[in-house]
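A, B and C label the chains in the order they appear, each numbered from 1.
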Amino acid sequence: MTDVSSTPPATRRVDPVALLAFAVVALAYGRAIWFTPPEATQGFAQKILYVHAPAAWVAFLAFGVTALAGAFWLFLKDQRLDRLAESSAEVGVIFTTAVLVTGPLWGKPVWGTWWTWDARLTLTLFLWFIYVGYLVLRGVIPGREQRARYAAVVGILGALLIPFIHLSVYLFRTLHPLPVVARPEGPAMPTVMVKTFFLAFFAFTLLYVAFVRARMALATERDALDDAAVGG
Amino acid sequence: MSAPGLLGSAWLIARKDLAIEFRTRSALLSALVLSLLAIVIFYFAWDSTAVGAGDLAPGVLWVTFTFSGLLGLHRSFGVEAQDGAMDALLIAPVPRQAIFVGKALANLAFVLGVQAVALPAMVLFYDVGVGAAWPALIGVMILAAIGLVAVGTLFAGLTANTRLAELLLPVLALPFFVPIVMPAAQATAKLLAGRPLAESFAWLRILLAFDLVFAYACMLVFPATLDD
Amino acid sequence: MTPRVEAHDLVRVFGGRRAVDGVRCSLRAGECLALFGPNGAGKTTTLRLLAGLLSPTSGEARVAGVRLPSPEARHHIGLISHRSMLYEALTARENVGFSARLYGLADPEGATDRALRALRIADRADVPVRQLSRGMQQRVAIARAIVHGPDVLLADEPYTGLDEQGATALTALLRERREAGAAIVVVTHHLHEGLALATHAAIMQGGRVVRHESAHGLDPLAYADTYRALVA
């Protein structure tokens, strides 16, 4: 259960993955702001795409990782998997919040309204609710093993729920621009925008990895501290 | 001597839960009163000259069922926690899943019981003409109740052992009720508007799929919510 | 002959704390182990491991030669606790009958009647349990635990809440069961009651059995001194 071997050294060094992530984020946004032309109809507001869409991708990635880590934990009972689930969910909530904030910011100039019950935005909102509930649940359970077990159950069911919410809200109504990059006949955006777009995706994915690594290191230290406190 | 199988022991547990509920009647009565109150109060929350009662009815109905259902679910594991009776169930030679199925069956009876009173009450108070849509409407009720109870029973068991159980249950369970309440309310609205059942098929498919997937998944993961 | 109850190096860790740390024991039919120790010594956890209510972190527990928590092993166990494990809205007959049916007894009504008569509560059998006194409730709880004729009885602080008369009746009942061939493990603070029943006595502290001996000819007063010397 305890894996002292993975306890990090006491001296804190800056994670090279974090450095790389920040560098790529800077590169992507430098490119997005100065070197990518504004979109013809939406103007400068369209730049928010480079935050909104990659954040949404990371949000779903994060919760997928949480569900998978939880499922594997149920079989392997390895504490590191639970720390991964916990860290990924927390980082995921941050990115989901970014999606929910940038959505209205983009929506106001483009659609003329802050909030619309658009299918994908609504889905993201429910995703946020599910995983905030997940984190609240983690917060009220003191026992490490019980917490991991319960969290795994909610993580797995949450992942199962997403397609159902997607179907429901999609059937309800949809206003959202249809996919403009991942289309079979090729992206509808100019190549220069697509390159920036993918760079931003890559940057956010790296950022996700860096955040999760930092959060996991924290969780490892917390668990080690708890173990030391009970004399285990 | 051989212990009853999954369904046999689930049936015993469901019958026991219903006997307790029937003896005390506290949860069922509160749930019934709550749903009647909700139906009455919602009527005054809208301007009835601007919005027709018939347009309000489906939304009111489903919000009401969701919250009164939660009230009943919470009690489900409370009776086991009170004097440690859960230990007696766990030590008995019955499959762990039988506890889930038994509790879910009792909760299903509970929710259907509330619906059986609240639905006619709503039809009466809101003066909705149901007409030929009764069988389809009841079908929607049952489909929705199954999904609601499957997820609700699991989360009731999960939160029963935690602090803040009464707060945590709705926070965790309500997002899961979205793909139940949305299709059920939409289908109800279509049926009450006199549209043919075929127009609601897309919604009913979601409901049915949700029932199948979550009834099975919840039964599968239920043992992980038991402390060992 | 296969021992009724066996524990092989049972270890149970709760969040880094070793609540039970290498307990082993073996009881044959007709033997009774009294487990003493201060609060937090791991007595209840040991009993729950032997009942299959907890799974061990390492080691294993067997009942009638079958590894827990297999349903086949659980068939042999009757559990008595300081909590009644009853449904207070139901009558004694309904509570005991429910258990009889869960164990799949051929004649649940008959078995219920016999258990209620054995505990001398047949005349109050149709009153909701909530209206019975604490001592009466404890008798119903015992009737519930023995209705399926278990040959292993696990009792966790069964004397809590019983008056003098109730305690004497419980000791007599457990002794009768032991003489009929049941193996019994009783966890208690009460040295006198425990020793009156036991063939073996053990003292636990810090998750370990620190003293284990035959209870034959053990003087309760002298044993109390031994206990205090060990535990204080």
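Operating definition for what follows: a residue touches a chain if its C-beta (ideal position, glycine included) is under 8 Å from a C-beta of that chain, and two chains touch if they have at least 3 such contacts.
Nothing here was measured: the structure is a model prediction, and the numbers come from that model.
Interface comparison, A-B versus A-C: the higher count of C-beta contacts falls to A-B. The most central chain, judged by C-alpha centres against the centre of all protein C-alpha atoms, is B. Farthest chain from chain B (centres taken as the mean of C-alpha atoms): C. With centres defined as mean CA coordinates, chain C is found 38 Å away from chain B. Computed from the mean C-alpha positions, the centre of chain A lies at a distance of 32 Å from the centre of chain B. Chain centres here are Cα means. That of chain A falls 50 Å from that of chain C. For chain B, the set of residues that touch two or more other chains comprises 227.
The touching residues of chain B, counted against chain C in their complex, run 1-4, 9, 12-13, 16, 19-20, 23-24, 79, 82-85, 87-95, 227-228.
Partner chain B is touched in their complex by these residues of chain A: 74, 126, 129-130, 133, 136-137, 140-141, 146, 149-150, 152-154, 156-157, 160-161, 164-165, 167-169, 171-172. Taken in their complex, chain C has these residues touching chain B: 51-55, 69, 71-72, 74-75, 77, 79, 81, 83-90, 94, 98-99, 101-106, 128, 144, 148. Against chain A, the residues of chain B that register as touching in their complex are 151, 154, 158-159, 161-164, 168, 171-172, 174-176, 178-179, 182-183, 186, 202-203, 206, 209-210, 213-214, 217-218, 221, 224-225, 227. Interface residues of chain A facing chain C in the complex, by the touch rule stated above, are 1-2, 142-145, 223, 226-227, 230-232.
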